[in-house]
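Next come the structures, one after another.
You will see subunit A twice below: alongside subunit B first, and alongside subunit C after that.
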Partner chain A sequence: MSIVDNPFFVLGLSPDASRIEIEREAQKLLGMLELAFEGAQSYDTPLGPQPRTAEAVRAAVAALRDPYRRLIAELWVRNAPPIRRTAPPAAHRAPVLTGLRRALGWRP
Partner chain B sequence: MYALPYVILMRVHQAAITARRRSRSWHYLAWSAVAGVLASLMIALGASIVLLLWGVGLWWFSIPMAGFMILPVIASPLARHLFVPLGWHRVGYYAGLLSRPGDDAPAYGLCVAAWAFAHRPSPAAEAWIARRRDARKPLGDGEVVVTALVAAGRGDADTARPLLRSVAMLIEDHPAVRELAGEWLATDAAERGAWSELASDALAARWPATPLTYFLEGVACCRIGSAGAPSPSELRARWLLAPYRGTTRGLLEVPVVAAPPPAPTEAVALAPDAGSLEPAPVDGGPLPRAVAAHLAFRSHDPSANRLAATVRAWDAALADGATHGWLARRALELDAPLGAVDRALREVTAAITDELAHAAERARLGAPASQGPVGDGLARRLRHGRLDALETGFTRWSQRRHDGEAHAAIDEWREFIALQAAYDVAVEAGGTELRRLAFPHAFSTGSNMAAWLWNARNEYALSHAISKWLLAEALAVGDTEAIELGHRNCGLHVPHRLGKPG
Partner chain C sequence: MADSPLYVGIDLGTTNSAAAVFDGERVSVVRNAQGATVTPSVVRLDKQARVTVGTRARRFIEQDAANTAAEFKRLMGTGKAIDFPAANTTRKPEELSAEVLKALRQDITDQLGIAVERAVISVPALFELPQSAATSEAARLAGFQRVELLQEPIASALAAGWRADGDGAGTWLVFDLGGGTFDASLLETRDGLLRVVGHDGDNFLGGRDFDWAITEHLASRLAVVPQRNNPAHTPALRALRLAAEDAKIELSRGDKAQVTLAQPLSIDGREVDVDLELDRVTVERLCAPLIDRSIDVCLRLLAAHGLAPGRLARLVLVGGPTVMPMVRARVAARLESSIAEGHDPMTLVAQGAALYAATAGLDGRAQSSAAPTGRQVWLQYPAVSADLTPHVVGKFVGADPPAKVKLVRNDGAWSSGEATVGPDGSFLTSVTLLPRRACTFELEARTVTGERIAVSPPALTIVQGLTIGDPPLSRTLGVALASGHVQVYLERGAPLPARRTFTHHTIETIAKGSSDSVLRIPIVQGELAQAHLCRLVGTLDIGGDAVIDTVPTGSAVEVTIELDRGGRLAARALVPAIGQVFEHVAHLLVPDAAPEALDASLRDLRRQLMDLRTHAFRHGLAQVIEKLDRLETRLSEAERDIDASHGGDADAAQRARRALLDVDATMAEADLARKWPELDDAARHAAITASSTVGMHGTDAERALLQEVLSAMEKARRDKDAPELERQMRLASRLSSAAFNRTSEAWEYYFEDAASEVSTMRDLPRAQKLVVDGRSAVERGDTDELRRVVKALWQLLPEDSEARKKGFDSGVR
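And then the complex of A and B:
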């Protein structure tokens, strides 16, 4: 369990959420996923949006029902930087001159 | 009457080419100009003799004279601009032979054939080249370059690249063959945008440079602003000298960048890499800082600095009393089972170490010096994993000697350079400590293999290259016995096709 698959991010809840709030949110998300609501298809994390599936929602609820696993989830999520609503920019790489070798008489 | 001036021109032309190969300064341009003028004179003299013979009715004699006096001068450009692009591997081979590349012309001829094969690969051409290559024993630089160019022709540049680089280790040295190897590597580096790699080759003068290589090296030095970068006018002169000027014109217009920034100081090295999209410094204690460093490491290209910063941040966070206090309090609030705090710390440490170890393996990074649960675990895991992998590889290699499973010499060489690359990567990542641990096994198996290749397989150049590498490693770790044996092995005369004492 780390940041991107953290149950609190999967469910879109704060680490202070009660058990009832967790169960209610999970049921709501499962219903929205069943009806293919666009807003439920992904969740935000500090590393950018991630796809949300019904399996991930069920796994998140199961994790948060276990006090020990919830403790670890909270350890991460309470100390995480703010969530990011867009994908992080691609790392800068040296430009590649595709086809130069071929143009200079060498293949491939 | 005409033969003597021609022979003199030919000798001076070859001397100019040889002198050019040794230089990477303005002498290179001067020797190129001299070689060009001499080649023109040879063609003019040859053509006038051929016309004279034809004119006096000796047409039957003029044809072999053209073959002797004109063809060798134009064979190389013909091969590059006609036979190779057309994929005529056999014609390319004979053009290579005719171009007077120096001693052992078939080595160069085969390389030209493999170059032509790359333009029009076919199983028949590959079999033709492989048959001629395998008939040449023992293995030398020509055979390795041929294999690399054939691999490149099949689209396997990742195989071709290390094979061509490995040629520098072989004692047999065909300058014309190495020029081709250097040119392939230069165009490959330029295509990948690996300008630092190309500039490093230029500064170390690893390969004799063709005019195209020389120009690309100049572009690389300008791009990274390294010492010895040519001035704009010199770069233009190199461009004028090189072929494919239409294609390379765009490279001339590259802005010359300033000198590279100074090496990072210790203070900078501890922080994640500057210039990247790092989160702002995090307030709130060691744990938020560790999570932020971890996310920064995950979301960018791994680097030694980022890994070190992340590991140190985690070690500080996991040893911090506030982290333990918060876990204990929260475990009580959540009604977590007894021992949950210690178990949670162990689990988080294991998960972080696992993730960082995978990233370090992929990026070939060493374990940073950090005392703590993550730093110690990462160092142990990387060192053991790399040592085990190295020992398994070297053992498998030497096992073949006992099993009597003799591979083709080129396959033995490929296996050795793969092992050597793995060793170098492990040593680079693991530092001196890992080098000392890895060397004895590499030395014992490598020495046995070198002796077997020399005595039983007569692969002298290959064996010598292995011994030379082992000696360099012995010197690096200070193993006296290995140094003594290495000096003895490397001091042996190495028979090879060029006949010069090894």
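And then the complex of A and C:
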């Protein structure tokens, strides 16, 4: 799991979020994505904004339902560098990373 | 009532089927014309090909067995047609299932006056994709417009959990012993969310095994003993089995039963009278090992999650055989838990399916075709919500939307604040629900000047209650490659719906217009990396007669695999070179199981098992020996099924085929364990190589990934988990090659390596030219060109034909 895929970033929640808050936020985001809301199309990460997809939201909730995977996600997000709201310089552009992970057969 | 939604769930069982409806507050089981809550899954066709379903058909099993079909669910997806000699016709298993579904659909109409078009149908947890596809097809034939499939254990858990008032918090076990399969699911409920913690099962254990055990016992006491492997004895055994079933039911109340057949059996030309006494102790003795096997599965599941028996908050029993007092007593005693009361084991699955239909927002009523009146709005909200204050997201269609929106609960006691509608027509608000109730909210839209305008739809309904997350994929899905390996697309446990795309390359040319030239993309399901140990669930064929232009070897093919919530498969291949998309997934069938082929693989597996056993004993691998002992039992059972398949029992043949595959897969794991020292050594090497290459040439991201892989490898090594270690090892070497590829020497190295094999390459003149190009690129120090050359050379490397065969003749890599 890469930092840009951290479920807390995907859902835009703090690591303290309760289970209900997570489900509620995911349900809202899925609805917004379905209706193509502007605000739901991307999420902020330390590596700049990432495109948000319904699949990523579902995978994020599934990850946070599992206590062990949630713990890992919490650890990563708590130690993550601050969020950047603008795209980083081209050299660090995330798609390279995404492509790399895909090439390695990791899950999106 | 016409306004409230109607959610329909159907349990399409091996022996019995049931339907239930949920109106948002109450679940009720639908009764059939005979007033019963369950309908036997039996279909009969008479001389005029008239169809009888259920209890009335079941009466004919004995008198007219040839024209009465039962237990066809196990043959779903095999494409095997069932004969009806009287009507001189055949029917596919899905057509017979469709008849059962039609009957249930009619029962719903009779009882509620509504023709349902959408429903949720339950399927066994370990159903393979072709079987799921056949179930969907059956529903379509029965007149349903749309269905979703749901795994049976989730359905029963949902139904059991729905009833639990408030704090059933803790871990639950659902013990589902059906006609032909056994499933144990471990679940947890917290904050109104149901989560499947773990699942285990035995695909080859069910009530029918009880019946066969009793039947064989009865048969052994006859003057002439009928054999299962003799087709001529089939009618006698069938009659005996029906009698055994009745006796079993009688013995769940009394202590003794008389097994008497009105007509003498005809075996090998002799008339054999059947008049036997059967007592409860004997039946218990015959069934006890089978029940214990199911309990062992539960104990194994509990142990895998660190739970001791007796720590269960709830134990729910589902399925016909669990009605037997002996089963209940034994399960309760060995799991040291009391059985939850108040659940009907026969209809719990159907009830759960109906509840799930609500979660999926699958209203069964026909959609009114009347033109919408008022301003159209798209709404997104959960049809069932555990959360008391879920969000409602909406968007008005068209330009110039209303300015404000308000939601008013129909009991009048609550309304939302006025939400502002954005210039693009979108709005976001939340509603407050009443616990365990269905709440309807009216949508009030107003213009800037405060004028109310009509909207369509005018209201929405949300049910508050237990919900379940996205269903998890039960088995890993991937594409078999020409190398005999599997490219994993979706891993087990991935939330559904899911979709992934990978790019492959063709290893042969697809010649335009040639019908012989077919590129095959096999889609497989299973947990192991070797394709032949997985199950082929479908193939995507790109034929020469379909392509608009010849596709040369080495062309890219972008394959996308998609699964919907019910686990239905869709696959698509895009060939960018010719800009064509191929979507037709063919051969979505469970492979045929010829008795002779089964015999051969049984012999083969026996021999391998013997080897493994000898080795395990010699090295004192207690864990492996235990595993192999279980396999031995499985093989003996498979042998009995193969015997029966020689007698013409197609269902037994399918069971045997699946059992043998399972044994094969387990043996491959045991074999890995045997190679443990070797594997462990290889893993160490991979770790060292990866650490140095990634350390020197890797990016930060790669280093972070490698850290994760290394710790996973360490864990696998501690747990002696060979398949996991192998998997992590592959990841480590991929990481190190990714880092290595970034260096300039890498491509020179690859080039020399590929050039040394030039004589074996497919297109020799082209390969030789590439080698020349490569040499000059090396001299010029042109890495980009060199990379292009090496990649082109790799495309020309021949595939090992043996490996390709194991990869189901895959045409891609």
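Keep in mind that, in the parts below, the second predicted complex is superposed on the first by the 90 of 108 C-alpha atoms of A that agree within 3 Å, B and C clash if a C-alpha of one lies under 4 Å from a C-alpha of the other, contacts with A are read in each partner's own complex, and residues count from 1 in each chain.
Just so it is clear, a residue touches a chain if its C-beta (ideal position, glycine included) is under 8 Å from a C-beta of that chain, and two chains touch if they have at least 3 such contacts.
Bear in mind the structure is a predicted one, so any value in this text is a computation, not a measurement.
Novice: Just subunit B (first), just subunit C (second), both, or neither: which does A:46 touch?
Specialist: first
Novice: Considering only the touch criterion stated at the top, classify A:24 as touching first (subunit B), second (subunit C), both, or neither.
Specialist: In the superposition, A:24 contacts subunit C only.
Novice: For A:75, decide between first (touching subunit B), second (touching subunit C), both and neither.
Specialist: In the superposition, A:75 touches subunit B alone.
Novice: Residue overlap on subunit A between the subunit B contact set and the subunit C contact set?
Specialist: 1-3, 97, 100-101, 103-108
Novice: Touching subunit C in the complex: which residues of subunit A?
Specialist: Result: residues 1-3, 18-20, 23-24, 27-28, 30-32, 34-38, 55, 58-59, 61-62, 65, 97, 100-108 of subunit A touch subunit C.
Novice: For subunit B, which residues are in contact with subunit A within the complex?
Specialist: Contacts found on subunit B: 80, 84-85, 115, 118-119, 152-153, 155, 157, 183-184, 187-188, 190-195, 212, 243-244, 247-248, 276-277, 279, 282, 284, 287-288, 290-292, 294-295, 298-301, 327, 330-331, 334-337, 340, 343-344, 347-348, 351, 355.
Novice: Subunit A touches which residues of subunit C in the complex?
Specialist: The touching residues are 190-193, 195, 378, 380-382, 385-387, 389-395, 424, 426, 428, 467, 469-470, 472, 487-488, 491, 493-495, 497-500, 502, 699, 701-702, 704-705, 708, 731, 734-735, 738.
Novice: Within their complex, state which residues of subunit A touch subunit B.
Specialist: Subunit A residues touching subunit B: 1-3, 46-47, 67-68, 70-72, 74-76, 79-81, 88-89, 91, 93-101, 103-108.
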